[in-house]
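Take a look at the structure below.
Each chain carries a letter (A, B, C and D) given by its place in the written order, and its residues are counted from 1.
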Amino acid sequence: MSGVSFEGIRKVYDDGTVAVKGLDLTIKDGEFLVLVGPSGCGKSTTLRMLAGLEDLTEGSIKIGEATVDHLPARARGLGMVFQSYALYPHMSVQDNLTFGLRMLAKTERPDPPEMKRMVQETASMLGIDDILEKRPRDLSGGQRQRVALGRALIRKPKVILMDEPLSNLDAKLRNQMRVELRRLHDELGFTTVYVTHDQVEAMTLADRIAVMKDGELQQHCPPLEAYHQPANTFVASFLGTPAMNLIEGQAEAGVFTSNGLSFPLPDHLSDCTGKGTFGIRPENVKVLKSNAMEAEIRGVERLGSESVYHLNVGGTDIKALWHRSGEEAWDAEKGGWPEENMFISFNDPSALWFSA
Amino acid sequence: MAPAKSSLSIILTLLVLSAGCLSDSLDDSGVTSTEEVSGNLVIWSTYESDSKEEEAFLDSVSAWQKIHPEVEVEVTSKPFYQAVQAYKIAALGGEAPDLMRFSNDQLGSIAPVRDRGNPLLEDLRPWLTPAQRSVWDPIALESMRYDDALMAIPVSQDCVSLFFNRALFDEAGINYPDENWTTADFLSAAQDMTFGEQVGLSIPTKDPFRWFSLNSGYGGSLFTANGEANLDGNGSADALRFWLDLELKHEIVPTGTNVETMKQQFLSGKAAMIIDGPWHWPTYTAARLDVGQALLPIVEETGLRMSPMVGYKGWAVSKQSPNKESAISLALYLSSSEVVKYAALETMTMPVLSNLYDDPDIHSDVALRGFIAQARLGFPAPTSKGMSAIYDILPTAIENSYVGEMSTQAALTAANQELKEEMR
Amino acid sequence: MKYFFWIILAVFLLPVVSAQSLDVQSDSSAAGFKRVRVSVEIESFSGNGSLEFHVSETFHSAVVIIQGQAGEMTQPQVGEWYDDCWTSNNSGLNWTEIHRDENGQAHAFYSSPQILSIRCDLTGISQSKEDNLSVRLFDENQELDRIDTAIIALTADVLPPPPDSSPVLFAIGSIALTIIALFGYLRWKDRKSMNRHGLAFVLPAFLALVLLSFYPVAYGMVLSFTDAHEESIGDEEYNGLENYLDVFTSGGFLRVLFFTLVWTFTNVIFHVGIGGALAMLLQQKVRGKLAYRTLLLLPWAIPSYISVLVWKGMFHPEGLVNVLLGTETDFFSGVTEAQTMVILVNIWLGVPFMMMSISGALQSIPEDLHEAAKVEGVSDWARLRHITIPLLKPTVVPLALMGFIWTFNMFNVIFLLTNGGPQLWFGEPGGTDILITYVYDVAFVKGELGLAAAWSVVIFIMLMAFSWAYTKGSKATEAAV
Amino acid sequence: MSEDLSSSELPQTDLARRWYIPYEMELMRRGAILVILICLPMFWIASLRGDGWQTIAMGLAGGLLAVWALQQKNRDIMLVSSALILFSGLMQAFFALEVKVAAIDVWYSTITVALGGGGLWVLSSPHMSRWLSSRLELEEAERGLARNNKLSPRWKAATTHAILLHFVVIVLVPIIWIIDVAFSPGQSASGELGISDWTITHFDAVLSGSDFWTWGLNSVIVSIGTTMVGLMLAIPAGYAFSRYKFSGHGIMMFSLLLVQMFPGIIILVPYFMVMKTLGLLNTSLGLILAYSVTALPFCVWMLKGWFDTIPRELEEAAALDGCTTFSTFWRIILPLSLPAIAVTALFSFLAAWNEFLLALVFNTDSSMYTLPVGLASYISEASARWGDFAAMSLIVSLPVVLLFIFFQKSLIQGLSSGSVKG
């Protein structure tokens, strides 16, 4: 297994649109990197450039120590799982797995018993040894997904690339597969470059995430770090559901004022001045009984273990999250905060300030 | 079930190879039938749409309609090459037209058909008095008969004769062909005028119809007096040899010439002589070609003049037609001398009425006179099963001799054998 | 024209002879349609003369009477000439056909002056109103006697019976009923499952198909067991497998079958091959794809008869093909040349349809299949062989079968181009004849309908066997996608 | 021939050198295959002309040798084979100049000389020889890879265009001939190609022809009628065959093909009798029914293939919210199948638009003629009015071409009834 490094890679399509604007990113050997961002942010293009399916306009890509800028895809020794699984419909599961191997030159093709062993090993690892003779169209979504993964893993590639592999599965199966993917990665330790637009997958799977927007890298760090210290408002709003509250306004002398709303900044932000955006995650919004900002409740989404309160404070919409284990659970029995005259405060160490 | 290929398009039998000596004209005979005529008539015409012949024909029909206002005539034009097949199918289905014009070898193909014992065409003998019959050239009338029955009222005749390009002859300093031209003069003239792009003679070598003229010149005849097959009779093999050598040995006639390319070469002044019929004459004169017509030459070896097969056309009435009175009245009118004469002068179609043979107006037209003279020297195309079979068998003999597979004698003997079987 | 001469002659030379008597009877229904039988008895006539018939004041016909021997004049039998006349010298006890000269002019000969009877069926007599007939006897110089009578032809014209459409009605009716009954049974059989709705959907199409084509096909098959011929339609008798025996033992059978198979397989292989190649080329990112596709589709759009005729002109010895190839081949006289020509022209006609069908199938192969293979290290060639072609099979396999059936029965390309090609074998199919063009010759040129029907049934069985084997074969090998 | 020329002794990381294959190699391989392909017809033409086939054999040998040499990366043999191809082209040109230069010789020589010469020129480049003896520097390999990615798509496009143009020329030659005859004066067909004075007299003659418009109208009615009736019959049948496995399913599908197998020629008379009994003679309806039945087998098969590819879940979903079979079909399946319907429509339209035989036989009176029958009346045994004939043929084929251009996209997509979609 080997690491991957992108050095200043740029991708300009024939019609002039710039998909990736100078991306620099290194992925350590055995690391699980998740490229995440809204659709059209260049994450898939980056993945395809790494895979060799798209040509590189500028910059260089290294797999391990070898630069692979213009190498054809087949020369890069990678494994890839597609969103649509891209299983060969006219081949059995076994043939799908061994197709790549069977097509190697005679000198490098593993002899039949060896190939049998590799199939057995991969199949048992992915729990698909009972469906080896079946055709892809007779398989369930989950099974197809595992076969696609098996096909990528069987050749012991340097890096495994995954392009939104779970997006075609139903919610329950998706969670199950996420856990299993993570388990496989930890067990086999292959370097993985995983592309998704689902920030939940990013948070749960990634050793490190790279958030992208309009072809530019926003932040590259472990998921929780990005969650708690987002580099900019985009990363902040992108990660976490419900999304972080972001209020643009003016801060001087420890007081933040936005149209119709003003409140004292928490201590660690008291010296911020000038225009900027104040951010606080809904779960960190403190709900008090009195002497704080009056909040009018617009709606409540009760999800059982937690509830999302849509509030309006001085004309600005704010979301607050009640969680069962929250220590100031006012009405624990009724499961949630009172319905009227609620007061909130933003005085929390996790609040953030983004200067404009 | 509809034909095999979903977009099976056309059985356009463009028999460019064997155009044959067929043409069309209008004709009439002295007396209209005395019966009162009624009901409506359906005529299938095979004239080329919007052509001069079609105009002449339609004018005559409307003229007849003025005389018989109570009869309503509906003319449908049919593509010529599918006419026989379309007629047979329609007749077998009870939807045949009342009146249609056929050539005698077309009659040879329709006459033998029997649908539950009934022929498709009306036997016209009971309809005509001997006086009415006497207006036509007896040979023409005879050619309209099949197994004794009179299938149609003759209206025109046609045969090939020698066409030559006067300008090319002058250029080569050879005097024009005349009555006592022999095949030797014919060959040497053709050879002298073959150089560069120009050819002395252009004929569709594989066309049996034109070869018949040479065959009779060599003393050959398709059938013996009492009607047996006689393709390999005296002189036929030599005739075929001479005919093929015009292309194979003397290399005068360009390879693969067919009627269409022969016409094209003559029109573009690349052929000094061709053997063609009056139906193409207007095209040549219209192209302001200095074209002359002469009798076919006399065969050197036998001293006999080449005599072409004369094809006849006539108006036939369907047996199933409910109003034969008006059909025959119209047919007689269309083959009456006034209509035929108009057609002869307008569209070069040769009449078959005896009185028109020496008609001064017709004689005033040099070409017409020449064609009639040639026709008088021709022999009538027999309307019989044998004749249709010849058109089916003879090409095989010609092609075998052409590619050298067989000698002309062997080929013609084999053909004759096959013809005997076919006629059994 | 000859008898005019006699009449004038008769008028001048007529010696005065004792008065003769003339007796005329007419029979309106003895002589057939539009004919009246007129028998004339002439007593004590001597020397030469003529007997004239005039119908409603217009000259009809005449019989020349000569005293003496007949000489070598012919006596055409009844029905051989345009009309019939007889003579008798025992006042009608027995009649002999009258003599006619080479122009067909009737001559009555008699030796001694006693009763001479002449009987003629006069043609062209109206059957709707009475005409007056005037029979005039002339001797060599003047008219002797004349009798006027009225005649009318009473036999009616017998129109052939219209083709009875009852068998057709019966066939269509019965087949419609059987189909409906069959569908009813099938629906009852599937009553439990949802499948029965399908039958209702399929019925209209099936009914239309069978209604129009069942009777003709059945008629054709029945005909193949009879000695049906153009000259005896309607009165054909059953002749067992004689036609089929003729088909299989006919001279050119193996030759024409061989060329038909060569014709069909070469055509289908090139149609699918070139069509597939073009489809794949057009699959790549290439500019002007619409223009290419439209141009390459023209042979399918242009009516095939015009394009085939143009090809015929171009394959002429001085045609464009020979000019381009620098050859002077006469493609119409050599067998192999003619066969190559007809196949090339049909390939030109058939490629566009296959190209379109295959490019449709190509487009349904998702792009990421190829990308997955590329990443897996599979070469272009291996991708073509292991992914593209196998995935095209479910479309190309049935397409090729339809192509096979259409080309096997493709009639008009060969008919228009060579009409069966160089005819080098007497009474056998020509060089480029395939089964269907030969069937046309047998049916419409030779008129042997029974034999042609047998040939058609043989074609039908061959095609059916091939298609059945083909579908069975392809089902087995087809990667069940 | 496998692509992978990697030799194992290069260090693992030096992927560029291990994998780099100059795109010229690929080009030369395709060039060699092209030479082999063009030699085959040339043998036939040489046999037709009777002149020596040695030069062609030389070209073929060169092609085969080149393919083998490229496999073995053997530079000397590659040089020899390129020389052989080049020389064969020159020899062919030389012989042709001596006897008679024909277009085919020019074509053969240009291609062989270009490919042979190109091969030699490529092999002579130092970069190539270094690569062949695998003495290539790493950066040079990487630059080579970059060049490959930039240039090879262009070369591929160029070769694709070249091949497509070849086929376009072959397709267009007869059509150019028809256009030439249609626009040049006179009614002759076998005149020289090339139009001296363009005239549209033929088009005027055709369009102002007495019954062109009646024929045209009849043709339009019949063709559109056939498309309508054809679809009305084929769509439900196709849907039923695709969705329901009712008993007799297989036999009925096969019997659809069966009907096409019986030669139509022989059964014209009984078919005429059927039409007469049903009173369909001399009617457009008669032709419409006849042509729909002709086109039915292909249309049903096509639509079934297409409906197979539509996943059943859609229908099940529609059935859940209470749609009857018919409304599901009408509201869900039909809109999805417009491309396939477009194809069957075009196919039925064409089956009716160009058909001649049935039109001639069934419609005996000329007011009911369709265009193909009218077209045939231009050819009589006395003389063929080629000019008008060509002009009318172009007019007849124009609507079909326009139809295709407009429905191009959905037509192609319609045909993609492959079983992989969904």
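Here is the rule we use: a contact is a pair of C-beta atoms (placed from the backbone, for glycine too) under 8 Å apart; a residue touches a chain by one contact, two chains touch by 3 or more.
Here the structure is a predicted model, which is why all the values come from computation and not from measurement.
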Subject >> Innermost chain, taking as reference the mean of every protein Cα atom displayed >> reply: D
Original post:
By CA centroid distance, what chain is farthest from chain A?
Top reply: B
**OP:** For chain A and chain B, let me know how many angstrom lie between their CA-based centres, rounded off.
**Re:** 91
Original post:
How far is the middle of chain C from the middle of chain D, if each middle is the mean of its Cα atoms, in Å?
Top reply: 35
Original post:
So what's the Cα centroid distance for chain B and chain D, whole Å?
Top reply: 44
Original post:
CA centre of chain B versus CA centre of chain C: separation in Å?
Top reply: 21
**OP:** Identify all positions of chain B at which a residue touches two or more other chains, and write them in rising order.
**Re:** 1-4, 6-12, 14-15, 92-94, 261
Subject >> Multi-partner residues of chain C (at least 2 other chains) >> reply: 163, 212-213, 216-217, 303-305, 309, 316, 318, 366, 377, 379, 391, 405-406, 409, 411, 436, 481
Original post:
In chain D, what residues contact two or more other chains?
Top reply: 2-4, 189-190, 259-260, 262-265, 267, 271, 273, 276, 290, 293, 298, 350, 354, 356, 372, 375-376, 419-420
**OP:** Mind listing each pair of touching chains for me?
**Re:** A-C, A-D, B-C, B-D, C-D
Original post:
Once bound in the complex, which stretches of chain A touch chain D?
Top reply: 55, 63-72, 74-76, 89, 104-108
Subject >> Of chain A, residues touching chain C in the complex >> reply: 51-53, 72-80, 82-84, 86, 88-91, 99-100, 103-104, 135, 137, 151, 155, 161
Subject >> chain D - residues contacting chain C, complex >> reply: 1-4, 44-45, 48-49, 96, 99-105, 153, 156-157, 160-161, 163-164, 167-168, 170-175, 177-178, 189-190, 193, 232-234, 236-237, 239-241, 243-249, 252, 254, 256-267, 270-271, 273-274, 276-278, 289-290, 292-293, 296-298, 300-301, 305, 309, 325, 343, 350, 354, 356, 372, 375-376, 389-390, 393, 396-397, 400-401, 404-405, 408, 411-421
Subject >> In the complex, chain D residues that touch chain A >> reply: 2-4, 6, 8, 12-16, 18-19, 142, 145-146, 148-150, 419-420
**OP:** Report the residues of chain B in contact with chain C in the complex, numbered from low to high.
**Re:** 1-17, 31, 33-36, 85, 88, 92-94, 112-118, 125-134, 138, 148, 150, 254-256, 258, 261, 319-320, 322, 324, 392-393, 395-397, 399-400, 402-403, 405, 414-415, 417-418, 421-422
